[in-house]
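Read the structure below first, then the notes.
Residue numbering begins at 1 within each chain, and the chains themselves are lettered A, B, C and D in the order written.
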Amino acid sequence: MTTDARIHVHHVTRVEGHGDIIAEIADGVLKQARFAIVEAPRFFEGFLRGQLYSDVTHVASRICGICACSHKCAALKATEVALDVTISPQTDLLRRLCFHGEVLSSHLLHIYFLAAPDFLGLPSVMPLIAGAPDLVKRAMRLKNIGYDLAALVAGRHTHPIAMAVGGFTFVHDPKDMLAMRERLVDIREDLTASVELFATVELPDFERPTEYVSLKHPDRYAFYDGDVFSSDGHRLPVRRYREAVTEHVVPHSTAKHARWNRPEYMVGALARFNNNYEQLHPAAQAVAERLGMDPPVHNPFAITVAQLIECVHCVEDAIELIDEVVGRGIDPAQQQVEVRPRAGQGVGAVEAPRGILFHEYEYDEDGRCLSANHVIPTAQNLANLEADMREFVPHIAGESTDRITHLLEMLVRAYDPCISCSAHMVRLPHG
Amino acid sequence: MPTELVMTHEAVPGFFGRLIDEGPVMGPRERARQPGFHHFDWLDSADDLVLEYQTTTIPPKKAFFPPRDVLFEFDLTDPPEFRAVRDATPFTLVGVHPCDLEGLRLLDDAYAQEPAEACWPANRARARIIGVDCTPDEYCFCTSVGSCHSRAACDLFLTPIERGRLVEVLTGAGEEMLRVSDVTEASDEDHAQAQQWRDDKEAAVTAGLDASPAEFADLLATGDFTDIWHEISSRCYSCGSCNTTCPTCFCFDINDEFDLGLTGGRRVRTWDSCQLAEFALVAGGHNFRRLRWQRVKHRWHRKFDYLYREFGTPYCTGCGRCSRACTADINIVDVSNQIIEAARQGVQG
Amino acid sequence: MEGPTKRFGNKPQIAFFDFACCEGCQLSVLQLEERLLDILELVDVVTWREAMSEYSNDYDIAFCEGSITREQDIERVREIREQAAILVTLGSCASGGCHNDLKNQWEMDEMLALVYGDQAEHFDTIPSRPITAVVEVDYKIYGCPVSLAEFVTVVKRILTGQSYEPPNQPVCVECKLNDHLCVLEKGEVCLGPVTRGGCDAICTGFGDACQGCRGLMDAANVGAMLKALTREQAHAIVRKVVERYGFTQDDIETKLRIYNNWPELNLEEIAANDD
Amino acid sequence: MIEHDNVSPAEDITRSYQPELARVIGKWQMTELMVLLRLQTESGENLEHEPGQFLQVSLPGYGEAPISFCSSPTQTDSFELCVQAVGNLSEAMHDLRPGDFVGVRGPYGHGFPIAEMEGRDILIVAGGIGIAPLRSLINYIADRRSDFGRGIVVYGARTPSDRLFLDDVAAWDARADLETYFSVDEPDDTWTGMTGVVTVPLRGVEIDPDRTTAAVVGPPVMYRYVAMELLAKDMREDDILFSLERRFKCGMGKCGHCQLNDLYVCQDGPVFRYTQLLGRSEAIEVWAPEEQKG
């Protein structure tokens, strides 16, 4: 039985970006548990200053290659608020459709390629290529339908093209939409197989109730739009996001930590699941039941399961969105509304796959950026992740160092941290 | 005088619909992603066909000389095997403007020159062609190069008249296409209306060269226009758009591609442009047209001097595509006239 | 013939590394789907932190993504260079220049203070530069992100012992080969005429302007662009754009800088190199 | 234009981009960068080339490039190519082994006008790898010695170790009916011959300008200086033959890459008379010292 352990995982693998796990137990007592972000900072908020609004939204998606659509949409929404642009209902529908593509690809990448090896006791999916080629091909099919869905709407997933302030730069072809619909219908089978695979997985036994923060929309499971909502019962319009997100710099991290009503809060798939369960597509709710997910779920390892449930929702909702888009007919006149630069400030929020994401910009009268601020999901999760680690480590302190290390890595991975983007957190220019 | 018939407005969709039922048809249609702009592409139904359209970015030569064309495939067996992959499906190309018909004729000549090239004639033999008359814009100067009323290369030619289209039947294949169609004899009135259309069209061409092709060829050949070339090249991006949109340009590049398994692949021919910096670069780094002005000059000479002497026609149909495509605002008519003027002044002085 | 030249005895060992970037290029590689499985028949991936926990320091080919923005990165990329027989830069961040380099317009202290306030001292940062500015590389793949087709081409070239020169022709060429509508016709400003192609003009194919993500091609006539987009034009289409935006030369320069700020975009120098 | 009496190559080859197969039957590494390949067509057919003509040679997957014949047409059972490793194709050709295959199309182009050269003194000036196509001509003259007047070979290389075809060179040197002049730009300890660029030995060659035809192949920079030297010997411009290099993609006068003003180097050349080049502004190697001025 271990009573002393020093754990330092340098550059946790199978996560986006660079982070270290540092944990120390002495005499069975936890001395420290940290997840240190060691990614090189990139200073987006700094260098976006001076750029034209259209170039700001172009560059904004480059914050993250995985959540490129989320960053793009958050930037577009913030900019559209700032420039007082109202997009057409058609654009709104198409952006929501694109979002499902991103959530699918991102979640499935995480579920199969980053998290699943943990459950299967493997270091990566590579051994499966020879061992279980069908599983790998299924994973690729699933992941790629997400990319292709995003590409159908935006030309490419990483980085989306065609999405501009005010709408789209091309007119979508209903034929392509219907072809995608067929693929979505077919992919249900692969999703079902994935659900069955997950039904056999046993999650580490750990629960820690926390504050869950996500967008909330009156009519639908919120991804693209909604108010800022806390499971502690608070609700704010997006433009007042600063009241919810209080950031502070911690020396061990290039990213900042955030808090709202409690010392920390959780964002992401599980937060959305807990906050918006009622609005999940019935098929997704059925899967939740099948997987024993009864909200509220307080086990952070279940984030991955919540992601899978969201995938089912995204596929079903994407089918319905396509039916709606095609049913209304695609009107070229609605693709793009006129945009005129003006001075203004705006906030845009979306649910990126990893949780709520805020972009805020201020423009001068020529549409040039005066200031930018990005609040990124992984950064918001960091405090909560560390709180989980602090509570989890004593639970497992009796295990071997290797096992503790492995479990901590699993915990970090469950959060699906996306560090490359969390490193651009910036101090809010107050005022 | 070819047979001339009339196809009424009502009969037109049925006619093209039947062609589409018979086999692939390429023609001008609205761009799916950019409504309001047209290009040549395969038609799904007669509704797709747009007979009144502004000159397309890419000329219909792409039906016979695709921008990227697989010349053959290979397998790296021992010995290696080469496999022809040419598509032999017959098709119909419709809605071709006179300048573009002329462009096809010029490429017929260029590719047939010994030693002849095999792909172009093989593809040309696959197709029936229907021409249509057009409405010029400010870039068109077909009247300067004699392509305004070209009927080259086509089997049928349609001119708008009040009750539909006057159909000129120019070949047996054209006659064949009309066999079960709803066409009637043309009346004098129909002929008169078609002629009126042609006259109006000619009158609507406002741009023009200030010299005949023959004179221009001589002026170019004898003059020294380095100053003009320098001025143009200071503005030119060397982007090649003038060549890649030209119906008479036929330069290409050839490259090999392996398949991913590395056991076979294909040799691919791609459109090329003499305006690109590396067009005349050889291994070892020597570039025989390294400077931008040399390339600009080459383009004018090739179009209006070298090929004119070789084939007796300028290799320019007056379609104006290069001027439209040039985002650096280099206009073929303006530059040509600048040269003509400079040459004449030179002669006088 | 014996099939393609073999450069490596066995299956070559591949490693992926990333520096400061969005990791979108690596992610794009994962989108190859079936083609990725074909590639994995020909090579062994031994190191890829983003996708696997296995790790080996014994690799032949290193794919490196991202910009160099810290002293420690310089060391790390030199180590990789030492080990790898072949070093491939993946994406513009690594190959030539990308938005990371935009921060170089400011003093690093100023940047840090702006972003991290009084905690700035905890972070180190140096002017951002592509990997190509730090070590010699054997193959460069531009793009933000890389084009999958070009990535596959380069992999095939490497495996058959062939060099690969990134295309040195503007995006306009590929725009035309694909019969795309020129976005200028829609009244938008496009950097395609001066930007290195190789992307198959994917953006303009969706009606979006080229933002120059592959950087300027050699001998790009930037001077012509600065003038064409800011002066009176006879060309109806360009005139429309000029009138609509009323850009100054500074505005165009700001736009060009997004992907061309390493080394600091020097238009005078570029003009001097123009033919 | 050079009249040429040889018939054009078989129709099916010229009409198609698809090469026929030739097998490597011999390979000699001449220098680090130069390899000599002996080949036979798989069909067994003689390609019947003229000295100065070229073949479009390809390795599937690596591309196609023009390579001059370097063997004499009098060698009928096989032909030889000498390849400098400069790029993907040529480097891959260095890896060929006997028994391997290459694709060939051709012969293409106008070679040396043999019929017209018969009976005359032939002055051959080779610079660097220009010796490759000229070897075809020299060996042809050597084999048909009585058909020609004097045979003079002037060959300059950069260094002694860059010299190619040493066996042939020794054989030419040994023959009483061939006059040979060799030089290198940068001599080493082993070098006992002349030092200097190829115009240095050329200057010392005495000729009868009325009955001499000069055949010149070398790097672009060489032509102008050789021309000046030959004109100083009172040679007629029309009797000076230059073989030029350009980028070729098709070899059939279609791809446009090799255009030199109104001429196609692949069809109208690669062997040109100096008179043809003098009137043409794009023959920059013969009339401009270095680069043209901007």
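Note that in this section a contact is a pair of C-beta atoms (placed from the backbone, for glycine too) under 8 Å apart; a residue touches a chain by one contact, two chains touch by 3 or more.
What you see is a predicted model, and the numbers here were worked out from it, not measured in a lab.
J.: Measuring centre to centre with C-alpha atoms, which chain is farthest from subunit A?
T.: Following the centroid criterion, the farthest chain would be D.
J.: So what's the Cα centroid distance for subunit A and subunit C, whole Å?
T.: Comparing mean C-alpha positions, subunit C is 26 Å from subunit A.
J.: CA centre of subunit A versus CA centre of subunit B: separation in Å?
T.: Spacing between the chain centres: roughly 50 Å.
J.: Quick one: report the Å distance separating subunit C from subunit D, using the average Cα coordinate of each chain.
T.: For subunit C versus subunit D, the centre distance works out to 42 Å.
J.: Measuring from the mean C-alpha position of subunit A to the mean C-alpha position of subunit D, what distance in angstrom results?
T.: 66
J.: Where in subunit B do residues touch two or more of the other chains?
T.: Correct list: 33-34, 76, 78-80, 257-258, 262, 290-291, 293.
J.: Quick check: what residues of subunit C touch more than one other chain, meaning two or more?
T.: Within subunit C, residues 1-2, 4, 160, 186, 205-207, 275 contact more than one other chain.
J.: Quick one: which residues in subunit A touch 2 or more of the other chains?
T.: Residue numbers touching two or more other chains: 170.
J.: Can you give me every chain pair that touches, using the contact definition above?
T.: Pairwise, the chains that meet the contact rule are A-B, A-C, B-C, B-D, C-D.
J.: Could you please specify the touching residues of subunit A with respect to subunit B in the complex?
T.: 170-173, 332
J.: Sort out for me which residues of subunit A touch subunit C in the complex.
T.: Subunit A reaches subunit C through residues 11, 13-17, 39-47, 50-52, 55, 58-59, 62-66, 68, 109, 113-114, 117, 123-126, 129, 133, 136-137, 140-141, 143-144, 147, 154-159, 161-162, 164, 168-170, 249, 251, 254, 420-421, 424-427.
J.: Touching subunit C in the complex: which residues of subunit B?
T.: 31, 33-34, 37, 39-41, 57-58, 62, 67-68, 76, 78-80, 138, 233-241, 244-245, 257-258, 260-263, 270-271, 273, 276-278, 290-293, 323-329, 331, 334
J.: In the complex, go through subunit D and note every residue touching subunit C.
T.: 59-62, 87-88, 91-92, 95-97, 100-102, 294
J.: Mind listing the subunit C positions that touch subunit A in their complex?
T.: Residues in contact with subunit A: 18-28, 30-31, 33-34, 36-37, 40, 45, 48-55, 69-70, 73, 98-100, 102-103, 105-106, 111-112, 114-117, 119, 122-123, 125, 144-145, 183, 186, 188, 202-203, 205-208, 211, 251, 254-255, 258.
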